[in-house]
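Scroll down for the structure; my scribbles are underneath it.
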Amino acid sequence: MINVGVLGATGAVGQRFVQLLADHPWFSLTTLTASGRSAGRRYADVVDWRLDAPFPDAFGDLVVAPTDPASLRDCDLVFSALPAEIAGEVETACAAAGLAVCTNASSHRMDADVPLVVPEVNPDHLGLIDLQRDGGRDGFIVTNPNCSTIVFTLALKPIAPLGFSDVRVATMQAISGAGFAGVPAMAIYDNVVPFIGGEEEKMETETLKIMGTFDGATVKPAPFQVSASCNRVPVIDGHTMAIWADVTAPVEAVLAAYRSWNPPISGLPTQPEPAVQLFDQPNRPQPRLDRMRGRGMTVSVGRVRPGLRFIALGHNTIRGAAGASILNAELIAQKKFL
Amino acid sequence: MINVGVLGATGAVGQRFVQLLADHPWFSLTTLTASGRSAGRRYADVVDWRLDAPFPDAFGDLVVAPTDPASLRDCDLVFSALPAEIAGEVETACAAAGLAVCTNASSHRMDADVPLVVPEVNPDHLGLIDLQRDGGRDGFIVTNPNCSTIVFTLALKPIAPLGFSDVRVATMQAISGAGFAGVPAMAIYDNVVPFIGGEEEKMETETLKIMGTFDGATVKPAPFQVSASCNRVPVIDGHTMAIWADVTAPVEAVLAAYRSWNPPISGLPTQPEPAVQLFDQPNRPQPRLDRMRGRGMTVSVGRVRPGLRFIALGHNTIRGAAGASILNAELIAQKKFL
Amino acid sequence: MINVGVLGATGAVGQRFVQLLADHPWFSLTTLTASGRSAGRRYADVVDWRLDAPFPDAFGDLVVAPTDPASLRDCDLVFSALPAEIAGEVETACAAAGLAVCTNASSHRMDADVPLVVPEVNPDHLGLIDLQRDGGRDGFIVTNPNCSTIVFTLALKPIAPLGFSDVRVATMQAISGAGFAGVPAMAIYDNVVPFIGGEEEKMETETLKIMGTFDGATVKPAPFQVSASCNRVPVIDGHTMAIWADVTAPVEAVLAAYRSWNPPISGLPTQPEPAVQLFDQPNRPQPRLDRMRGRGMTVSVGRVRPGLRFIALGHNTIRGAAGASILNAELIAQKKFL
Amino acid sequence: MINVGVLGATGAVGQRFVQLLADHPWFSLTTLTASGRSAGRRYADVVDWRLDAPFPDAFGDLVVAPTDPASLRDCDLVFSALPAEIAGEVETACAAAGLAVCTNASSHRMDADVPLVVPEVNPDHLGLIDLQRDGGRDGFIVTNPNCSTIVFTLALKPIAPLGFSDVRVATMQAISGAGFAGVPAMAIYDNVVPFIGGEEEKMETETLKIMGTFDGATVKPAPFQVSASCNRVPVIDGHTMAIWADVTAPVEAVLAAYRSWNPPISGLPTQPEPAVQLFDQPNRPQPRLDRMRGRGMTVSVGRVRPGLRFIALGHNTIRGAAGASILNAELIAQKKFL
């Protein structure tokens, strides 16, 4: 078993990490950190548990540590659920202290020597870890993309061999993506908000890094362009997106590409089966019905129409956040980077 | 005053007609029709009033007539809120009986000699009325487009002079668009349904007719193409849409086009001011906040970004249905077609 | 293993039965029935699966039988998810044909010789089965109460020893209680509907039968009165209720009664632990957070205040419908009534 | 015209005051105050307008003043939309400076010499103003109750002559009652929260003061008791409540009491007609359909059943907040207290 910790374990993403790590076959969760006023107290006493899933009692008695590399001496790997404002510095310090850091925060995603990885899409980018270690240190940082970008790149990957240069995506994103208190009910009930700060830029840049080519030294961005229009809708969990790609192959070839695609990974505990589910029904996928496929890790696609137009859907706080980091960590462990 | 009737006055769209025609300065509502089992009874006794706006008591005592040209001898013009299954035949019969018919139904929209009109977009298409009258009869049919198409064409019209050949639109449509009982709560709550039967086809074909050129004899479809991806979201009223158009002019020119545009109509009681409202705020328009602008008749646009990408919004049951037919009727009256 | 069937397996409650019976340790689901037009076809082909839980593939190839005792020769016990209009007659015929019938329908609930059972509340009422069998036949009918009544009686049972004669309950009921298409989105979104046909009467009469005394021959209704005010709110699953009871014991005694209560059953696979969960937090229970406790079978209570006032909550389609019938069947099997 | 100001004009209640005071026939809105960082800037520049109703352009250019009696020299009367934490002190200072203060804040509601008034219920309590002025000063404070209490007391007033000593009320309250950002969407979507801090206590104490007897010197609390159970539901505006009162008169007498009741005020511009609307339909009132009756000032009651049980409904931010204060101010002006 590999000892792991969670940085920022009391927040919404942190809670999801704790829930998903309970009973993990490879990882033993030994350390939970939080900000100063929670440190030193029992986890059960400081967390305001907000998930539908029941509180994992096994961790209730863990004493919360301050968010600091010194708290993590026990750990081989840490998951970061820190807010972007503090994530960058803390994660760098943890890596410097020799820890493997798998983070959901955006701070280091576009750093040239930091892998931005979706295991089913670009597992080879983990090779960047060796560059981070060139200075002789053991620790390193691996990032997962923004929630929308994860769903989006998984939906694009199986059809990438068909070729496209121009992709448009209109998202309909869930309120949980903004954190527990991020969206007031008065702002979104009976409403659509056609703006999510920074989201379009993230989808447009992160996608090209993930789907880019790693030549052993650097990642060359993918040679297509993405234009995103991001919207918040009154859905609790699950980002839905309407996608256009200038694929000229007929719809049948697109369907065949989805059906025959196999992800380049295997044997990871959190890996869903299938990674990408293709729907034939005309009105699927739908977030309430399909977000929990593959225990929240499967991305669903459907309504493949000429144009090329289709719909993609994924669970934003599992596949798009904590689950993504954990899958990255599993790949790191499997590939012997620890 | 012009005597008018409403065909199918007890349904959701019919109720909206009745509400909007109360106190109309030009039209006097004298006749309400409904299916056989309601005919002969007081309107107040047969209608299950579902609008937020209070029931217009003035019409409560009107005795509902059967949906039949013979019931409408009193009227110069009738509004049709009939379901598509029966609208086509009844409207043809009414026109044959000498009535002007303004209809929200889809049956005759694509007929070669029937105008499909949004007054601010293609008022000249009313010239098709003369072709319908060629046979010597007085009556005629004028249609308004599908709710999404109305909002869409109004949003495109001001920038049409900038030129585009390829337009994509992802809609986020309100549940009221499916009628009162059209969408079960279990189907849409905490959900998105990425399919609305027939909607994409309507947006793709009706748009080209409306924005096409009328040469005095026929309407030549507009020379661009539309690709639509239509979604239902948990919003009561107001269709929001994310639009891409291959306009190469800079954003400033697009904003200027919206700001300087004036619709080619004036003096109509139901005409909103402005017809198209441009928002500068980064997170507008939003359906709950903006759908009732111009008493529900203004279309709002915003988030104009390079790409060209922008957001459009309009009230689907007012601007997109009953209000649209009434505005058509006002234009017909003003242009002396009655 | 006991062979079981589900009557009306394609509807919302029927689907829930099928889902909950997959992998049941005592019951083997061998027969699914539906109305004439579905009979003879594969279950996977005729069911429009609406649950969030994935479709249980094991039953996809079962050929649907007509809803008729002759279809059920294989079965020892059948679950009825039939609509009230036809349930009464069909269930009587099944019992006459020798089948044990566990039904969620209301038709026979108040019949003098039919047990109306919530296993944790009145397991001894199963003794009525012997009366049904007096005529020499093997078959019998056992009913579970209305969804609200199940939650309500479980919440009252632990404090019944403290005594009360006057109970008031205001419910806030989920939309799933009306079936998949029972509540149009336009009727309930941003709304409360303060009326549910027949619901108040059911809570007022069924409660007294369940909490009444069985003397070996008849059930004498409980000697208190219930006054219910039932409301529909925009919640997908989970009925919440505000309850007043004229208990004069102090709050501490009430809390102690809840904490020390043990249900009079044990060893049933579907039985939750605990049957009734007491919350200390001031703002619990809440339907979205707590409805799935005990896999949807636990009833939660909280906010116990002087007055005596408290809140109760339970999952209406699991604890309040299909799960209730299955728990009854388990008790029947355990008590050797089969 | 009477010059008035609004204290705390940028918040949710403050915005509602500004909206309702535009075009008021008696009051001229001359002064808007806000906290330090907004003072000195144009109202249009500092307010984040959140109401569905359009921004009243007439006030856009008003320069916001600091919340301080010195800013209000122009005014005869001020409306307070201040948060409870600062309202008490500021309002006392304003009254000391000679201003009439009509406040929606809770700080002074239970002060012995401060009237807590719902004009249709206890207009005579304004007599307490004279006691406040005994010290020789001109200024005074008049409060309106909590939003739920206003709806509740209006619903009880017409049947008070029938007599009751024990009243229970379960509320289903709208999210707008907590202010714009008061309820995160994640907390209330697909959910009920059975707790609103302080709300039950307010309903239980304020009701007795309002419905108490003023003998010229003090208000003697009404001699009945109230037991409230307050719940938040996913509704934007409109508090619905299920009420029980131990009225022994038959339902017909209760209906007659509602039908024949006339409020003890007349001639006030904001006064709705009727003040209390009785519904006969079995499923009314409903918040989305009925909250805007009487421009949001009418309280609706329905489902009067033996028990005595009934449903009441009112708009919480109009009738229950800003509109209530304005109606109080109109009564004050009419009764020559200014």
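A, B, C and D label the chains in the order they appear, each numbered from 1.
We adopt the following convention: a residue touches a chain if its C-beta (ideal position, glycine included) is under 8 Å from a C-beta of that chain, and two chains touch if they have at least 3 such contacts.
Quick caveat, the model's predicted, so the values are computed rather than measured.
Visitor: Enumerate, in label order, the chains that touch chain A and chain D alike.
Guide: Common neighbours, chain A/chain D: B, C.
Visitor: Determine the set of chains touching chain C that also touch chain D.
Guide: Intersection of chain C and chain D contact lists gives A, B.
Visitor: Centre-to-centre on C-alpha atoms, which chain is most distant from chain A?
Guide: D
Visitor: Need the CA-centroid distance for the pair chain A / chain B, whole Å please.
Guide: Distance between chain centres: 43 Å.
Visitor: Averaging over Cα atoms per chain, report the distance between chain A and chain C in Å.
Guide: One centre to the other, that is 40 Å.
Visitor: For chain B and chain C, what's the span in angstrom between their mean Cα positions?
Guide: 47
Visitor: Which chain C residues touch at least two other chains?
Guide: Residues 50, 189-190, 234, 236, 288-289.
Visitor: Spell out the part of chain A that touches chain C in their complex, as residue ranges.
Guide: Residue positions touching the partner: 50, 52, 54, 189-190, 288-289, 292-293.
Visitor: Would you mind writing out the residues of chain D in touch with chain A in their complex?
Guide: It is residues 50, 175-176, 180-190, 234, 236 of chain D that touch chain A.
Visitor: Across the complex, what residues on chain C touch chain D?
Guide: Chain C reaches chain D through residues 168, 170, 172, 189-195, 227, 229, 231, 233-236, 238, 240, 242, 244, 282-289, 302-303, 307, 309, 311.
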